[in-house]
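Two complexes are shown next, each including subunit A; its partner changes from subunit B in the first to subunit C in the second.
Then we have the complex of A and B:
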């Protein structure tokens, strides 16, 4: 069966405009990926990992430096016009459109770039505004919308053209829980109603990736480090134990990462509560007592201690060597 | 049955023209800038001519030139440089991934721009004529409409060609537009008959469609226009038709090449350049 997206040794290098402005940057490095039709596929990675570059190549906005990329079986370099008939894309924090126009007018305008008959477009706009809880805002000027409302409008813009493959680049970035939930629900329902269509999503949010995606690729420094279902990815760290500890502020938290059995260690400071949150991915539990002793020896008090099953975040830390935050 | 390529692109033209048409109505402050500001420059030249006891037609030439500046500014800032702004707000990438010709997006901008700018230019013309007591004698209205339309198509065709360059520009777009604004007022003879620049300079300036368009419009609006003309009406119409074709073809290839270049270098979607 033809893949919705396929890349073969795909690389992209950005050269500086002038030599004195620095070195070239390898944004993608020999990426091999296959996304099947009907999948909700997630690309998970930190800033600068290459997620957006990959989406730009797949959405025909950027050329690869080497390697090949196919969307719906079509070559992004030579068959970009045919690809454009089948795709759409939405980015998080997008400010596209015109503030002078109303929500309905903006959506209608973009629908016209896809040759949709006005009558059909206006009917779809009404339906989708309802689905996204934006009906009351249809005659509001775009410049008066809140961030969440605006992003809902952007997502409607992407789906209104009924694409075979939609690329969503951090679509819920910076949104509140409600707006994010509406967008996520819509994606799931859309795929349920259109089982052959494909969503390719990049995200920063582990929970979002875990909850939504059929498969996830973890990407860092332009390389795909792992690609599988969330369940299988989590099994990759099944042998490890995650130990989470909230302690009163530590003088030197970094030292805790060096104990035996610790495979990965991260910590964050919670200034409001005066706590240090420690997170250990343990190969075995041999070093737990040493860690506890070290915490206590710094005069700190353990407020909570929890042993947890691996999450996608643990997988990410194992693969990338650091958390997303 | 799915619609054909032409119908789809016509819808795109209509879609992109729409914000231009309604925008002018929703932002009345634009009228102040686009109608009244040109009148200040017109007034300056008109008073100089009056002070010199010049022919009344010369003041008419200035009013007509002042009205036509609206089109030049619209082409330069709202058509060519527009792609730079569209890139900054994220629209350009959405235009690029849309399954239509880039020319349709630009044609939409042009048609919408032409509509609102014609209203503004006509207002400048009427107000200027009333203030300075200008009498227009249109002898051949059909030719007048033909010259005006062909000038617009050629001028906006040139704007489309420039737009392809602006696709890659960063902030230097400002400088480019500034650089082109004032010299063209001089080269195209916005405030005086272009033939007084001399044959070679006027011939060079004729690559800017508004030069020939203005020269022809003056011949059609004023009885003494023919005496101040650089070329005959028929020749100017022919040359303008040639410029229409030239700029449309150049715009097509230039847009294609610049899109390729933008995709290769990554500058097509690169903001804050």
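Then we have the complex of A and C:
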């Protein structure tokens, strides 16, 4: 099956204007990537990792120095016109937009560049402005919008053309929690409604990548360090899962440490609350159901249960050697 | 199909251009500005002329200068305007990359934006000429206008100026704010060398040779021949020599020259535009911001 995006030994080097101005910068270094149709694919990396450069190449704004990149099976160097009919791109943290036009006019104009019938475009604009909570700003000049509102408008601009593949470069950068949530849930709903379409997302935010993405590529210094589902990436980190449980007083807590998968077990009694606090360090999760059954068979009730697993941040630190912030 | 798409792109770009040009003020203020601006710009030169000649506006040179100066608005506005579209979209509105990755012919987009510049400039030129005729006695009489020559000159001249602007627009991809200086420089060369406010015969011989290659020189002359034939004839008779530098050249020759040079510049501007587009994409300059 044809990949939505495929890169083969893709490299991009930025040369300084003059030799005395410094060394060349390798933004992408032999990147091999395959993104399938229908995926919400995340590129996670620190500033200067090469995320935006990769998106610029895939969206036909920039040419690679060497290697190949294909979008919808089309070569970004020679078939860019055909690619442009299938894609769109939204960049976060920008204040782009024709300030003298209204929100509706801006969106309508871009829809016309994609050949969408005016009536259809206007209907879509109304629906999407409603989805993004921007209906009241429909006739407001773009220059009067807040940063978050502009960003929402730009996300609408990206989706309104109904692209097969959309590239989102830090779409929630600098936005408040509500605005970010609106954009994230729109992405998820859009993919649910259009299961063959593809979203390629770059982000700084671990939680965003973890929650949204089917697969994530961790990129640093222009190289892909790892690429897999968030779950599998987390399993790459050799870190034990911790299970913490508060239960009503147990008759025999010590017996719980003998179940399979338990590497370490401690418990404390909280006399004031009448609780036994259990803490298991698990090699694997094979014994979890047995532990719970044993607790319940002693007539005890589970008051709280918390499982601590390796996070994407742990994976990132392991791969890159530093955190994002 | 491709032609229809390009026409649709031009129409939408023209709509955008109109909004950008006219939407910054209420209609009355915009109309006032549109009338006052070209007249004021022209009056600077008129006053200079009057100070130097002691107010002799009856001399056919005055009409020569006034008409040339009015028509030069096309050269300045279109050359400057095309560059400004790219510069403004890229650096101010930051929308160039969004337009650029849209499935449109970017060349058609710039042509559409330029078309509105031409339309607005046409209004300015007409306002200036009407003001000149009614207030300053410029020698234009509707009964004497050679409409066929005027139509041919306008079509070919606009085409030529437009493709020149597009070539410079291509260069704008590769330069930052300096592109505005480049365009002002090119427009300045036309101002001095193309017989805008003084005949090219006032230039040294080597400069006249250059003038006689520039299509704008021919366009200016054919426009003057079309709208003020009597004044042009009076100029030649009074001096008893080829005062404009193109006195021995027929109208047909000028039209053919303009047609050929427009075709040549069209091919050249397409080439420059495509080359510059490729270099800009290779060097990452499509979404370059340097000025804001």
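The working rule: the second predicted complex is superposed on the first by the 254 of 325 C-alpha atoms of A that agree within 3 Å, B and C clash if a C-alpha of one lies under 4 Å from a C-alpha of the other, contacts with A are read in each partner's own complex, and residues count from 1 in each chain.
Basically, a residue touches a chain if its C-beta (ideal position, glycine included) is under 8 Å from a C-beta of that chain, and two chains touch if they have at least 3 such contacts.
Just so it is clear, the structure is predicted and the values come from calculations on it, not from any experiment.
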Room on subunit A for both subunit B and subunit C (clash or fit): clash
First, second, both or neither for A:97, with subunit B first and subunit C second: both
Which of subunit B and subunit C A:116 touches, first, second, both or neither: first
Touching partner for A:182 - first (subunit B), second (subunit C), both, neither: neither
Subunit B versus subunit C as contact partner of A:199, first or second or both or neither: neither
Subunit B and subunit C footprints on subunit A, overlapping residues: 14, 56, 59-63, 81, 84-85, 87-89, 91, 94-98, 100-101, 105, 109-110, 112-115, 157
Of subunit A, residues touching subunit C in the complex: 14, 56, 59-63, 81, 84-85, 87-89, 91, 94-101, 105, 109-110, 112-115, 157
Residue ranges of subunit B in contact with subunit A within the complex: 3, 7-9, 11-12, 14-16, 18-19, 22-23, 26-27, 89-91, 93-100, 105, 260, 263-266, 268-269
Of all residues in subunit A, those that touch subunit B in their complex: 14-15, 56, 59-63, 81, 84-85, 87-89, 91, 94-98, 100-101, 105, 108-118, 157
Touch list for subunit C against partner subunit A, complex: 5, 8-9, 12, 15-16, 19-20, 23-24, 93-95, 97-104, 281-282, 284, 286-287
